[in-house]
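Common to both upcoming complexes is chain A, partnered first by chain B, then by chain C.
Now for the complex of A and B:
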């Protein structure tokens, strides 16, 4: 995490991450982002272990949300089944890490999990995009895949559903999943509770910057062109089928990474990650935060899950009612989402001259797509 | 022995065919006629089921309780259409996202208001001889086939059907010809909702009624709509027949769950080969024959 990416000669460094496809391209934005990351990094110090534990889960969700914002907002592929990759990676990590104990297991588990979720997305994407499946049908198919995984994992309660020492456990879930770690045998780095929070935060920041660079690259332009008008883009000589396939696969990889971080934080995963409610959440974050804004989606994921968590610990049952109503409201009132709308307001406000530094970075300035 | 196996397979097929048809038909009418995928389809079914069980528990005879389920769901659908859905015509992805939001709210509201279970209804009509299964499943199959026939007649042969199809095809022109298009949208949505309500009512005696009741229909419904393609009724029949056969055959050999998996795999392969669905293939064939004639 390069927290000190404020002003000056760092402009050179900023260049790859800026372009017409992201919203926040000013010095103020980057300063704001640095402050936001610093604040998030200070969380465990200020609020203690418990905040790190809960915060890491939210950040893992943020990765899941980003994977959807990336494929939907930038390439127009609406997947309702991002949780499928998230959950499959979680289970894959569990299976490998439980069987191969020590740090070798955790390392192999991480690699295997991301490989499995990426391959899964690639196979599904191959079938859909090379089969000529169009927009709505992609959406429905991805949802169906998640729901079938839900049913499948739900009926694995019996003892015959074990891979080595790892019991899939049906609706009771798979417990005893080891922590994250990197190393061979007992030599290496085991990631503890607070460490896990920082690893997750670092992953979110790195993924965010990586995706920013990607969407502002030549490939990113082709993605956005595919979203805007697929036929025309194809006429220009771009292989739109491959673009969609590649984007979908990358999305699967990111969702899978989120799944690993989620599972290793809880040391547990159960089929509810594939359920219809869980599947809705990434769509809610991306719709509310603004699907063409990666940071907006991250912000929405953190904020909505925070509210959800607060409601849950206060014993309220109204969290889902709130989330669902919020989704309906946002789509009806500001279909592009909160972040792009806010960005427009800010841009209008500071139109004539140079910007003032943003005070609440998470809420003022967002990167994202050209709408 | 072989004869009995065949009978079992036949019964399994009838059961699954009826389930796929009934799960799909409400969704298919709304999608095919209005181009809206209603992600809250399962919760429309849920409304039908709850209305039925509670009417039944309040002492209404079962057919009347089911009728209440249908009517209440239709009214519910119209209210929702007027309040929310009508703002989303022509915004396909947005309409899916919004209806999903509605679905989340409804599942949770039902859980808050009615708790995690509802009073059950016994399966009427008793057991079949020879084959192990209730007579009721045969009744469901007859209703499913009757429903498809009725819908075909309604949309193809009646004045209402012509108006509705004209509205969906070209709203401007339809309006200039004096059709009240708003009313057409609302009534088509009402028909779709009523059908979903009927499904909920019909399966209320068969499946345990919980807030997630509707989710149990979603996989079959979505798969059948996708495989069926744009032409609603013919698509539903063919897709249900195809998926029902695969599902029943595998269920017979390897159990219910593998049947579902096989159905999904069959659906994915079918979509890989026929991205426009079965009716897309039919339309292509018809076009080709038209050209060669």
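Now for the complex of A and C:
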């Protein structure tokens, strides 16, 4: 990767976000990303409020997908229950914000919801990883947790299932969940429809950049090493149990953040967020987009949910068939996912035209730095 | 101590803390049982700083189990392990590594999906905060892998993979290096290269080594002393000449033609 002096500052700015653990470490990639974010930002202006409303839900799903790509793609933990943290955070926000009216409630709700989903993931992760649960058993256990929540929340229709003014509502769900807001009392910022879209988009971009920095840090190398061979990594002096615990907890926090943005957009949440269909979706997004690509998973979440939505509003029942077929196709044809496959093709195409000097400082820091 | 022969040379016991000026490792009555099977049977073993010790014995003698007890991959049923004067018996693996115990596994245990440089980065970042490029280059030069720097580890030859793993183990700058069959499957030339490398590590870096090996010619070319394990116990201990001349060792392990 050669950098001329004119974009030296930009290269420095990019540096923490680049490394062999992420695809896309070139100027062209960052320019493409900036264009994509700008197009997403322009969407409410071009397509109107309704597009912002639907788009915000897709972006909240993208956060959920990223949380799985982070723990599965980078640390080898296939959680089939990321929706548990997503949904628990949504309910937690509703309970706090309905009971504490005004902006104070929305602010406290946001903090409490992310804290609850993080703590939930930490407790579950602690018992799983320190209890020696590994591999496919983690997958089964996390799915069971989501399904238990689905069953439990489904039977909360009775009037006795209320926390203060917040009725859990069983399969009818919890309605009247306030909008997102930051402030105390009536002083602060209430996030409206379009504002919510931009907050969600900003959160997705910030989370993406934050995770890129994390996976390219020393901790990121330890995560990848743990994914590749846990025993070997432990014999290099890494506490792999703690690494998995920490990664799983961070994943729970991100999924929780997505859950809050999802619930506040809809002003509603019901137990279907914990259901088997919802639980499978993040796995599909990460598989199709490429679990080792955060951005690939985001793209897959947005694209798949868009098609799913179009199929649903057209009145057809083909949405799940489409998603299932897509998953089977990708697993058979490109098991690593679309983004890594695309990256390989681009690299092959560029290689003859763009030979990388072996001894540049960037090349000595990480290999294959240019895609 | 359930040793089978009174001629075994045992080291003097360590003091309360297990510390001896030049003793890097000592086990006391170390025992590991798997159900009804005793894989390691009250083993007393000692190793000095910079010593290169080979561990030999027939299949099932408990060699790998013994090494796994030292690394913490297995928990002993009874007994103690002292390393550098400290009791590490209950210490988790990763903490033992932080204190300077490093391991090369029997099957080349490298990150096959990562490049050679990325492989080295994993142990290196445990001991240096920066300058990965400089240290990586030094290690690659020493282990003759500089040209393979950006090669995916799975594409390396078996001999290169063995060298890479030893390089990764040495990147941790250990005091004690444990190697489980480091020349298994290597050609005569590659075996000789590894022999030179291990002797150099012991002599120049002052690292103590325990090497499990079946190839008695290889053992002869590197070992200061040899320990023979049989049925979980230390059967003999001595110089390679003493071991080779011992008729009982010949009978259980070397075969009459040696």
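Criterion: the second predicted complex is superposed on the first by the 345 of 371 C-alpha atoms of A that agree within 3 Å, B and C clash if a C-alpha of one lies under 4 Å from a C-alpha of the other, contacts with A are read in each partner's own complex, and residues count from 1 in each chain.
The rule is simple: contacts are C-beta pairs under 8 Å (C-beta built on N, C-alpha and C of every residue); 3 or more make two chains touch, one makes a residue touch a chain.
Predicted model, so just to flag it, every value in this text is computed and none were measured.
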item: Partner chain(s) touched by A:136 [first = chain B, second = chain C, both, neither]; value: first
item: Partner chain in contact with A:235 - chain B first, chain C second, else both or neither; value: second
item: Contacts of A:222 with chain B and chain C, given as first, second, both or neither; value: second
item: Of chain C and chain B, partner touching more chain A residues; value: B
item: Which superposed partner A:20 touches (first chain B, second chain C, both, neither); value: second
item: Residue ranges of chain A in contact with chain C within the complex; value: 20, 218, 221-222, 224-225, 228-229, 231-240, 358, 361, 364-368
item: Residues of chain A defined as touching chain B within the complex; value: 78, 80, 127-128, 131-137, 139-141, 143-145, 147-148, 151-152, 155, 276-277, 280, 283-284, 287, 317-321, 323-328, 331-332, 335
item: Chain A-touching residues of chain C, taken from the complex the two chains share; value: 71, 73, 92-95, 97-98, 102-103, 105, 109-115, 117-118, 121-123, 125-126, 132-133, 136-137, 149-150, 168, 172
item: Footprint of chain A on chain B - complex, ascending; value: 37, 42, 84, 87-88, 91-94, 96-98, 100-109, 111-112, 215, 218-219, 222-223, 225-226, 257, 260-261, 264, 267-268, 271-273, 275
